[in-house]
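Just so it is clear, A, B and C label the chains in written order, and each chain counts residues from 1 on its own.
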Amino acid sequence: MMKMNVLPVRTFNRLKVNETFVEYEPSAPKIYEISETSKLELKETGDFGVNIKVAEDNNITVVMLCECSEAGTLNIKTEIAMGKGASLKLIQADMGKGSGRLINTVRCTENKDASVQLIQLFPARGDIYNDCNIELTGSRSGLDIHVAYMGNGDKKLDMNYVVNHIGKNTTSYIRADGVLKDKAFKTFKGTIDFKTGSSGSKGEEREKVLLLSDDIVNQSVPIILCTEEDVEGAHGAAIGNLDEDTLFYLKSRGLDEDEAKRLVIYGMFNRLLEKTGDEEISSRVEGFLAEAV
Amino acid sequence: MNSELLTVKDLNVRVEDKEILNDVNITIGEGETHVLMGPNGTGKSTLGYALMGSPKYEITGGSIVFEGKDITGESVNERAKSGLFLSFQNPIEVPGVSLSSFIRSALEQRSGQRIKLWEFKKKLKATMELLNMDEEYADRDLNVGFSGGEKKKAEILQLLMLEPKLAILDETDSGLDVDAVKTVSAGISEYQKRCNGSLLIITHSTRILESLKVDKTHVMVDGSIVKTGGPGLVDEINEHGFV
Amino acid sequence: MEENKTYVQDIDRSLYDFRNEDADAYRFEDGLTEEIVLQLSEEKNDPDWMRELRLRSLKLYNEINVPDWGPSIEGLDIDHIATYVRKNTKMADNWDAVPEEIKDTFEKLGIPQAERKSLAGVGAQYDSELVYHNVRDDVAKQGVIYSDIESALRGEYAQLIRDKFMHLIPPDDHKFAALHGAVWSGGSFVYVPKGVKVDIPLQSYFRLNAKGAGQFEHTLIIVEEGADLHFIEGCSAPKYNVANLHAGCVELYVGKNARLRYSTIENWSKNMYNLNSKRAIVEEGGRIEWVSGSFGSHISYLYPMSILKGDDSQMEFTGISFAGTDQNLDTGAKVVYIGRNTSSYMNTKSISKGGGVCTFRSSVVVNRSAENSRTSVSCESLMLDDISRSDTIPAMDIRTSKADVGHEAQIGKISDEAVFYLMSRGMSEEDARALIVSGFADNVSKELPLEYAIEMNNLIRLEMKGSIG
């Protein structure tokens, strides 16, 4: 049993969001050491450790294609150390087959002036357990997380993001867009924690969920913790069906309801796919979407 | 009069248990431009939304006939496909969907066939130039972060690209500066020329009408058409008000 | 003009902090045992079912753990809390009959004046018992009942109370609900018959005077179909250096198309553990409105819960918490959607200062049956220095696609530009900051009757005094 996605502060037990237990026993991982721009394909099942070290003032892009086999489990732990002024664009895309399950853990510490852009795409059919913890230790270090997911079938998505603002003038932005249909069960927990000493920092989180079925479960826990005066934190969540005004507007141009929904669903992924700049990912994500929508 | 395009007969509309329109009658012929004026809150926009088929507006009596076909009960997208267009007063922001891909989707849905990208892009570019719109707006998310003026121009851009038979322009001139009014007005003239399009222009100012040929003017007060006249009525209203 | 500004204007801390010697009080041994519970039950002449409820609750209390979330309550030792304290006096419905010392206490707090000015009825609880209860004749004539629970248990509505008492908040809900069930004493019963609109508020005032004691009052309000009520609750206590405990229960039944507004200005002293439970159930077309100001207590756990059972039922929650030195206020709201076309609107503000901790905690549960429901949550937090703490911990659980859920949270500090602007008009920095904080709190103050709004602003001004280092 793996305990993961632990909330930094507990809340009402009745909601069952304080932590997640995953039935899985990890074994010794196969380790990848990465310090240059690279593309990693993690296939089949098993345990992997990806250690990314970005040297001072280096700027690299790492693409991780996670392609779990049908009904298997792929357990990946990525540990990132960002040197001073280093910058990393990390793209993690779940390309799992069938009901293959992805357990994805990210641990990251950032030195002064470092910046991390984390793009996560979860369009595939299998369950996702995703636990990201980022320590903005160095002053002016920055973080930009953008995740898009598709929840269909009886997929379970359990996501936990914890951003600790430790250094002065650090910034974070988390954006999560997703669609839930059929019997999907999604938990999204996002914590922005302004620790003492993080003055001048800013953190923001935006969550958007499009609900398309009455058999779904959507849980959202957007937390802000703060022990510092001179900070700005904001959270926003918009959860619901495609709103009537948007639907009317799109239909008034001749789109039917399905087409309007399709457009909005693709819209949640489009910009993110552009950001990846990776054609293979784009076309495969579109493949998954076409299947799901 | 030209052959009838739109015939609105004794239309009664209710919004959330409140009667807004009473027995409205308007007939618009092919290629004609009609202006609907009247004080604020009198039901002008309601007529626009009801003609377009918004589910928020309940039609409690009367009928809407478009090209000889009763569309009173038709869904909004069917009306759009038949050639009706509404320019929104407050266009909706749709994140993730670019202006150009949206227009292309709409065109494809209307015609039921794929549109060739090259030709589409050429036409879009030329039309945006006509409207003094920066080309980069084509790739921006639909209306997201657009200024008031850019949103109105994006509506006129859709009008010119989709080429409907009848366009209802709901306060398209409100909140625009002098230059933007001129640009939008030029766009509307282009629509008249390009598609021999009919227009129902809802407005309470007359700035947008200056360079347009108007066939008829209607005055709405408290949900009823109280006066219908020729283009001269606009000047009359300017001098004497709506009463 | 000054005259009209009423009694609360010259408020200062000494107004709440005075205490009376409790030499002549009847007081139970500290702690919680079956003997004490049975003694209490006998003292109160409970019906059998109530005695059984108390014993069952005690058993549950011993079984249930303290919450593993929220602020620490380690400083609270129930073995050193007296669960029952009363003055040797009987309840009065005539102010003159109230003992001099207690009368003096409530006069200082402005209770009888408030009744004369703007209330339809007043209840005043001193330690464990109500000492005064009165309702205006014209209101009573409409069939409105406003009495202590104990006498209501033997009155016309005995069966109704039995059907409702601790049904919304059952003793097994959490440890302090169990504690309440075992040792509850005092509180109010309000019954508003069908169609009756009480157009001026009823008020209860709770005063815990005894040192190291607990107050466990129970408030049960039933607002029948189409009826309308505004109920105001005020609380205060003098400061002692040992822990006091407040574990009250408020159960509100809002009938079809009825409306109930429940306002609280809580100003317990800063040695108080305020572990209060409030819950409302709302029938078709009904509406519950919570207005809540939390200023006092050392530790608070307070999340009024609304169950939107009927179609078209509504909830509105407006709250503010102000935590200063040595305070940890964990407050918020819960809402459960069951009926169709239901809606809730939550608007909260919190202010942390001098090392104080404010936590906004909420839970929104939208069941599958709650089609076409709307939820809007907005919470804003203000940090007045860098030694305090402010946390926002909302949770949402949505199980229908026909829901529209919006959540916005913000945290920040007083804008330097705003302070500069006010100071450029000649205001001192302290006044400027106090004014901005009062403005920040206006979501609540504008929902309160004038007298209470003034009292709240005075409390804020008091808290802001000396806040400029």
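The rule is short, and it goes like this: contacts are C-beta pairs under 8 Å (C-beta built on N, C-alpha and C of every residue); 3 or more make two chains touch, one makes a residue touch a chain.
Here the structure is a predicted model, which means the values were calculated and not measured.
The set of chains touching chain A and also touching chain B is empty.
Each chain gets a centre from the mean of its Cα atoms; the one farthest from the centre of chain B is C.
We define each chain's centre as the mean of its Cα atoms; on that basis chain A and chain C are separated by 40 Å.
Mean C-alpha position of chain B lies 54 Å from that of chain C. The multi-chain contact residues of chain A, meaning those touching 2 or more other chains, do not exist; every residue touches at most one other chain.
Across the complex, chain A meets chain C through its residues 9-15, 17-18, 180, 194, 196, 199, 211-241, 243.
Put simply, chain B touches chain A in their complex at residues 52, 54-56, 75-77, 79-81, 85-86, 88, 91-92, 94-98, 101-103, 105-106, 109-110, 141, 158, 162. Looking at the complex, you find that chain A touches chain B at residues 177, 208, 244-246, 248-257, 259, 263-264, 266-271. Within the complex formed with chain A, the chain C residues making contact are 67-70, 334, 361, 363, 365, 368, 381, 383-386, 388-413.
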